[in-house]
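Have a look at these structures, which come just after this line.
In the two complexes that follow, chain A is the common piece, with chain B as its partner first and chain C second.
Entry: the complex of A and B
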């Protein structure tokens, strides 16, 4: 398999971007990434745009970037859309189809105000009225019941991620919070209160990927894509009578693919830090277990023992995560690659993970329906 | 010669009550007692279904050849409610379904048609109905009305044999003009002049012919029975009617409620006259052969939740969620899967799952051919109380329920203002209105806590 490199990345601030529409956000992030990579838009051979509800087709990049008569594909895979776009770009370069590829993730959610993302019905009555927090809360209540943890443990995930996000100039929420704040907040979907949930956010992020030849030619052969995985199952895990609700098998599967490709067998030791999909506090703890950072039923100990703090042995979500950085759905996966790239290239200032050589990024969507994992490493 | 008889009665009341005085006081009026009110996902159809499922529970539906929906009104103008009920009960598509709507005597009419069908075919007939009355804020219906569902099974071998009938038509009665024809008779209203002589005349004839000692009057009015009693001379008759003090006026559902009371006090060999007012009156005589052989089921008769918030009560009974992205075609295409509580059984891994699909959601095997009936009872596997899901009470609890004997179902919990359920808590599945999008009532399964 050909080695491919991340040679540039860009990201808009995340938040209520009322002055910018989806086109403007995608443009900002993409041109930042191109500038970072030191290439021109005309150098890009192939484009992928990841979005769940802000983009209809590839022609969006015709509007946003002035792309003319080049391959552009819109990628949609729930909350994994952004990272799947990066994955597609990597595959395009690996295959030799393209020398340089651009992946951009974008989501515009804040133009119309609503409570959370609302709900969408795929059927006249089945699963009617279920919302993203509600669906993840099903797993939270089952996990808490099975392993005997309380809301306080979940709250510590939010506290940690807010602490990291406060150091991140691009984050949606840059304010530290306390466990008490999390526990006292109004309930969204029990056991999740407002501070257990990632916010509804606008934003875009872009990544430029190039072949080894191109990267070396540009003097940018620093961070390479060491492995990735994508696992998808059906949309309604609640229909599966064997679904345990104490973890998401898609994550384990996607991670397995990525670890195999990256030749990683002891993730906690071989990886320096991770950006994981903390759409809700419980999700981050489940991710620890599903990604192999902890045994099943013991993920909560990592947060209780401070292992995943920025200064801990294995920092998770140094960016602030979805919780604090924000979660513009289709942008999030690309934003994680932006963060891992920035950490590995030592650009993260106050939130810099020390001696970072390998970073993992992970999305989950559905919930439990789709997961992507991508591992980036510094070239040795 | 077939002998149609009453085999069972199920009476369903919603779980909720509100003080009539609380409602009345908002409009500077007074009233005593409580009224029942439906939860926001209930209507005449779902309450009839609750009672229908209650009356067939334990005995099954294999012998039922006909479903009659008999009520003042139903949820649809041009769709058969009895068909919805037959679907939920899992009856075959060639089951005769009949809707009878109109006057307050409609429940007696349903019983009469059931008797005729049973005589002609020997089949068991399920007669069922629902009554909902709320009207405008501050109206008599708002204060004095009530909500209920009922179901009766008529067939051979039942305990109360249906015999003869007498009808007296009078097409002037209460407020009959246009669509406002609700025949609403709250307590304290004067009984319309036509009824007493008409009803008394046929009642006297029915009593003479049958030698009845019990009369069941299909009304919730406390005044009508006493006025009728005076017209019956010095006969030794026990009158039964539905007392509206705790439930509110139940319209055509009053007859089955009163009938259940009479059957419970009935001796073998005794005769009963059922008298239903409405467009004149209809009387049916019945002879008790084995009253203990009439199954009587009461749902939510005890321990109601009493509301003390008038505003929330109005919000609940007028709530209708219509913004859903749905379609009558998609709903029709899936009606069997939605209503019939049957799961798929995987030919490969053996797991039972719901809703049925020809692809197993657990192992991916296809084609799954076998379906199996699922239990309506189960326990909560996991849950959440979601404050974003639209609802008049600002939250909805969703639960994954493991059903007794296998299979899982993902449903909304209903009949509760409470925040949470517990993992392992016992629940029972019920049919409710999931929403009203696409111009139709989208009925489906929900669950309520088993107390």
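Entry: the complex of A and C
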């Protein structure tokens, strides 16, 4: 396998960005990433943009960045769109078709713009009323019933991620909360209260990927892409009567691909920290198990025992996660790679994970249908 | 560059497929392509699906094909979506991340289904009333004025493509027409009558790409991907007051990339035939010039002199083109690769191009914003 490197990353603040449309956000994140990498837009050979709803065609980046006469492709894969854009950029560099690639994830959800016609109608899921909170609440109820945990355990995920996010200048919500706040919040879909749910957020993030030669030439050959995986299911699991609801097999498959490529067999020992898809508090606990950080039915212990706290043995979502950093759908996966890169290069200030050498990023998208995993490591 | 091969292709009939939804069409084209390639679905390492409107996320192919635990990515790039899917599949095989890849293009336009919520509202172009016929008619009027040609010349493009399509069992319209029919048809946007416009069509097409090793092992190393290009513009040219309307620079750029990769300097001599994006009769003539088949302002001579007829020196759209084969947006680019592969392997019956060794496929998408070009050659 050809070794490819992350050489720069950028990210807008996430939140309620009423003054910035998708174009402005993509531009801001991209030029930050280019500046960080020390390359010019004209040095980029190939571009990918991941977005579920806010972008039509690759020409979006043509507009946003003033790119012309270069290949730009839009990829869409539900909540995995941003990380898939990064993955395609890595594949393009591996193929030799590009020496340097830019991947951008972007989503405008807080209001309707010319390019983002609003969130609601985009998928039959929402048209039929089977909203994400309702669907993931089924998983939460089933898990709580099966393994005997209460809402307090879920709440601790939110408390941890808000605590981390409070240290993150780019996060949507920078406010610590207590278990009591989570438990007393209005219920969205039992057992989820408002604080069990990730918010509706605007944002964009961008990552520059380069071949080993280029990265070495720029003095930027620190962080390489050690492995990645993407898996889809042959059904929409959460609508399938046979679905077990106590985990997402698609995550396990994507992780299996990434671990194989990265030659990792004991993730909890060989990886320093992870950014996982905590769209709901319950999801983070399921992710622990699906990603092999805990045995089946024991993921909740990691949160109860403080293992995944910023100061714990295996920090999860040091960024604040979807819960606190926010969740602009197509941006989230690219934002996670931004975070992992920032952590590995020691730039995270108050939320810095100590001695981080390897980080994992993970998305799950749709009704349990798609998952991406990517692993970055410091070059030894 | 790692040489990659097309080893199989499939295509549904194009037309008014009221009994088949996007899933059924994608399945039909895919399994045809797999059978043609002599491989099983389980042999495919990576999947791409191109669609503008009928597909949400890579899990669409999970559903359609019963794929699970494999990477599937949806790409979207206006009318270039299908060819971009083929291009991504080629890049993935070049990268070594896949030995065999399947690319599918699909679009359901004739009626609304659960997965295709209808055509009209998908882009601001249509919301604002600047429809494709209106926009491309601006180009036609400008070209006719500048170079002094009449509607009769445009009509001859439609007559040629219908003549070819009448020989194509998969074409939407299999009926020869006359210049008189074209000229007397109701006007859609002057100078375009109904017969100057490509139809609204359902359809899917699929292509199997493999590494040289795999292709040789299967005895299928006949047709290789010799070059490709994809370019976007930094504006939406057809809305730009400075746009000249007598050609699409984005096509010239995409072709330049492909010619460079394929080491082609005299396209008209080195290429045997082409499938070009004749969304309107005028577009085909502009394509001749933009692709370097004719000098600026002289493309119309190729049609007047019969050069691009099936029996001419340089056949263009032997399939019948978008005009007669039909234009299911995201499917069209993959359908072109199906046609070029079918021609190069001598399977086209009545519409077979004689002594074809190299074929070019071309899309233009959006308001002049994106173009793809791909060149396939017989292995010498």
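We take it that the second predicted complex is superposed on the first by the 357 of 380 C-alpha atoms of A that agree within 3 Å, B and C clash if a C-alpha of one lies under 4 Å from a C-alpha of the other, contacts with A are read in each partner's own complex, and residues count from 1 in each chain.
Basically, contacts are C-beta pairs under 8 Å (C-beta built on N, C-alpha and C of every residue); 3 or more make two chains touch, one makes a residue touch a chain.
No experiment lies behind these values; they were computed from the predicted model shown.
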item	value
First (chain B), second (chain C), both or neither touched by A:342	neither
First, second, both or neither for A:32, with chain B first and chain C second	neither
Winner by number of chain A residues touched, once chain B and chain C are compared	C
Chain B versus chain C as contact partner of A:141, first or second or both or neither	first
First (chain B), second (chain C), both or neither touched by A:97	second
Partner chain(s) touched by A:84 [first = chain B, second = chain C, both, neither]	second
Which superposed partner A:56 touches (first chain B, second chain C, both, neither)	second
Chain B versus chain C as contact partner of A:242, first or second or both or neither	first
First (chain B), second (chain C), both or neither touched by A:366	second
Partner chain in contact with A:205 - chain B first, chain C second, else both or neither	neither
Contacts on chain A seen with chain B and repeated with chain C across the two complexes	115, 121, 123-124, 234, 236
Chain B-touching residues of chain A, taken from the complex the two chains share	115-116, 118-121, 123-131, 133-134, 137-142, 145, 186-191, 234, 236, 238-242, 245
Interfacial residue positions of chain C with respect to chain A in the complex	1-2, 56-59, 61-63, 65-78, 80, 84, 88, 91-92, 94-97, 114-115, 117, 121-124, 229-236, 249-250, 253, 257, 365-366, 369-370
Sites on chain B touched by chain A in the complex	324-327, 330-331, 334, 338, 351-355, 357, 361-362, 381-390, 396, 398, 400, 402, 406-408, 410, 412, 419-420, 423, 434-435, 437-438, 442-444
